[in-house]
Amino acid sequence: MEQYGKYLLLALVGVIPILLFISPLFLVTINSFFAGGNFTVENYIKFLSSKMYLRSLQNSILITSITTIVIAPIGLSIVVATRKHEKVKRIVKLLTSLPLVFSSYVFCIALIYIYGRTGIVNHILSIAGLEFPISNLLYSLTGIIFANILFFLPYFIVPLFSSFEEVNPNLEEVAESLGSHGFHKFRRVIFPQILYGLLTGVLITFLLVFNQISVILALGAGRTYTLTYQLFAQYEGFQYGMANTIAVVSIAVTLLVTIIFQIVLKKSWSKK
Amino acid sequence: MREKIILMLVLLFLGVLIILPLCVVFLLSIVPRWSSVFPTSFSFEWWLAILKPKFTKVILNTLLVTAVSTLITVGYAIIASYLFAFYDFRGKEILSSLILSPTYVAGVVLALGLLTMYPLIRNTFWILMLGHFVVISPIVFRCVLSSMIKIPNNLIEASYSLGSSKANTFWRIVLPLSKQGILSGTVLSIGTNISELSVSLLLYGAGWATIPIQIYLERGWGILGIAGVLSTILILITLTTVFCVDYLGGKKP
Amino acid sequence: MTEVRAENLSKSFGDTHVTKNLNFTIKHQEFLTLLGASGCGKTTTLRLVLGSIFPDSGRIYFNGEDVTDIPCYKRNVGIVYQDYALFPHLNIYENIAFGLKVKKEKNTESKVKEIMETLQISGLEERYPHQISGGQQQRVALARTLVVRPKILLLDEPLSNVDAKLRYELRNELKKIQRMMKIATLYVTHDQEEALTISDRIAIMNNGRIIEVGKPRDIYFHPKENYTKEFMGVISKRLKNLEQIGIR
């Protein structure tokens, strides 16, 4: 009787992700191998031979990689600098979480008003007589990366604060009693402890940035395309075959990156 | 002393980069025409424009989708967390990954999946709701589980030994003790639901636009005043929810 | 070689006064125990001597030299915790050699070998903390601290996590090692029996103040303060045979 209840629950809980997540994606994958009712890889050939699609893939990976590479040291520095000061820590967590309250789309619109072609910053610069290429910067890869950094910083910082908090405070005290402090203490005692959390944060940030579309929609439309935007465009254009293909490529990249990271993570976990 | 300076700099840096855009968003809602660099005049005309039925429908849509989606998501999260916190079974890790995975898949991809698999409910409220559910459930699940799993098994066993049935124990012991996680999960769900765009983009049908979708459309038509107002409303709803829940959660059990 | 003197140490956290005008001395090579119930301020006192927190008022002297404003990493004080706090990502050799490497001392290898032999943990160099027993971990923690020849040794309830039989053995070992290394030691515990067997002198603490200081025999047989009588009385009600606990 006891088991009966358990398996009932299990079925109930398990059927939902299967119905709403696994099966749909599975169907999408199968569909990508069909065009005009025949089993074919022509969608993929189209993808791989088209400059436009390859460009989108490249942009996605480039934007995501650079965003992540920049967020990591900035986030780490902020956490290291503020981790011992409770009040400041709370303000930092709150501040960095603010963009989340808005959709990233709205946030980006605001950015346009500040940093865009006719924005405040540009206006100030032209008064000062400086003609920077900043006018179009926001809409390019750089601008998108900039907006990404601002928006995804909390996803990186908040878990990182937790990682630091989990380090046994006695370890730090002991290290100090033995003469270690400052950078030496950080490098030899603290960093190895938080490495796992740090790498997990990097992975999650990468995946979230790679998969988002709002920032691109707000800033990139007309100029910069990414994989997710292409999917959207193809779908709106009724090109369902290609949309499915792009979806599969996107999932493939996500899986690949995750697997690589898991291997790296396993290595750093053993150090704990 | 040096430390204080560094802290100040960090706060200033973050403050400027983040607070500035937020102020701009609010300004957008009270500026009739922001064509030049700085707004020249202020008015509340956009707020009045919101009262048109077209926009009130959008706001109501958003509230409806949010409410239903949150209800279902939190309900699911509670049941799933109960399963994970108090039972052991084969494949626990796999199921856990399954429930948590949607976070790492693009919203548009999830939407495409749903559209492909359930073409019959395209353009209706239901597919939009399902999309929201898939995107938000991992977050809420993680939240509720982290709270529920902290309940010591002894309490549950004690309850059974005193003659309480499973259902009764669940209702009177498990739920109240997971209040923290359930409340934060609800807040997260509401906040994320309201501002959700990536999944909704492909899933919304005629007449079912939500606030973020409308903002996207309005911008396309060059009318940002509405976008500003809608965004400000978004923030207000989220902040109100946070405060309410904070207040409710603050009551000692 | 070192005498520690604490003068009027006061420390508050927020509104709570954790220590109030504390005065005590640890003589040359002496084993002084701070004995008190949880929350009496003994661990805070330990950390004040360690230098990881600073007093709101009062001074600390090592051999007459005022060290109150000197930060922890310059004080050369050794500490062993209840959970031993071994660095989990370093092996035993690296753990013990840590302090020597920081100070860039010569002959690290031989020094480490020597202390490991003294504490009877030779052969564990390549292992990691999670791979050795509790008793071994404690000895590694001691080795790590003692190899850099600290001025004084602080022990924060090191035996609280240990089961009864092992506790008895380890307790005696600690005393033996302390005698051998000739090092002034400040020991913190809530266990009366432990304090009575191991200390040269005991300081009873309550509510941030030192109630009474004296040799174990005096504290047990001739307690002066009421609190001392009550606190130590718990034992006398339990034990009838004095020899059973071997009071010094």
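Letters A, B and C name the chains as they come in the text, with residue numbers starting at 1 for each one.
By definition in this document, a residue touches a chain if its C-beta (ideal position, glycine included) is under 8 Å from a C-beta of that chain, and two chains touch if they have at least 3 such contacts.
As the structure is a prediction and not an experimental result, all values here were calculated from the model.
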Contact graph of the chains (line, ring, star, complete, other): line
Central chain (distance from its CA mean to the mean of all protein CA atoms): A
Chain whose Cα centroid lies at the greatest distance from that of chain C: B
Distance between the centres, which are taken as Cα means, of chain C and chain B, whole angstrom: 52
Whole-Å gap separating chain A and chain B, where each centre is the average of the chain's CA atoms: 18
Distance from chain C to chain A - Cα centre to Cα centre, in angstrom: 48
Multi-chain contact residues (two or more partners), chain B: none
Interface hub residues of chain C, defined as touching at least two other chains: none
Of chain A, residues touching chain C in the complex: 168, 170-171, 173-181, 184, 188-189, 192-193, 271-272
Complex contacts: residues of chain B adjacent to chain A: 6-7, 10-11, 14-15, 17-22, 24-25, 28, 34, 36-38, 76, 79-80, 82-83, 87, 89, 95, 98-99, 101-110, 112-114, 116-118, 130, 133-134, 137, 166, 191, 195-198, 201-202, 212, 215-216, 219, 224, 227, 231, 234-235, 238-239
Residues on chain C engaged by chain A in the complex (per definition of touch): 47, 50-52, 71-79, 81, 83, 85, 87-89, 98-99, 102-103, 144-145, 148, 150
Chain A residues within the chain B interface of the complex: 5-6, 9-10, 12-14, 16-18, 20-25, 27-28, 31, 78, 81-82, 85, 88, 91-92, 95-96, 98-107, 109-111, 113-114, 118-120, 122-123, 150, 204, 207-208, 210-214, 217-218, 227-228, 231-232, 235, 240, 243-244, 247, 250-251, 254, 258
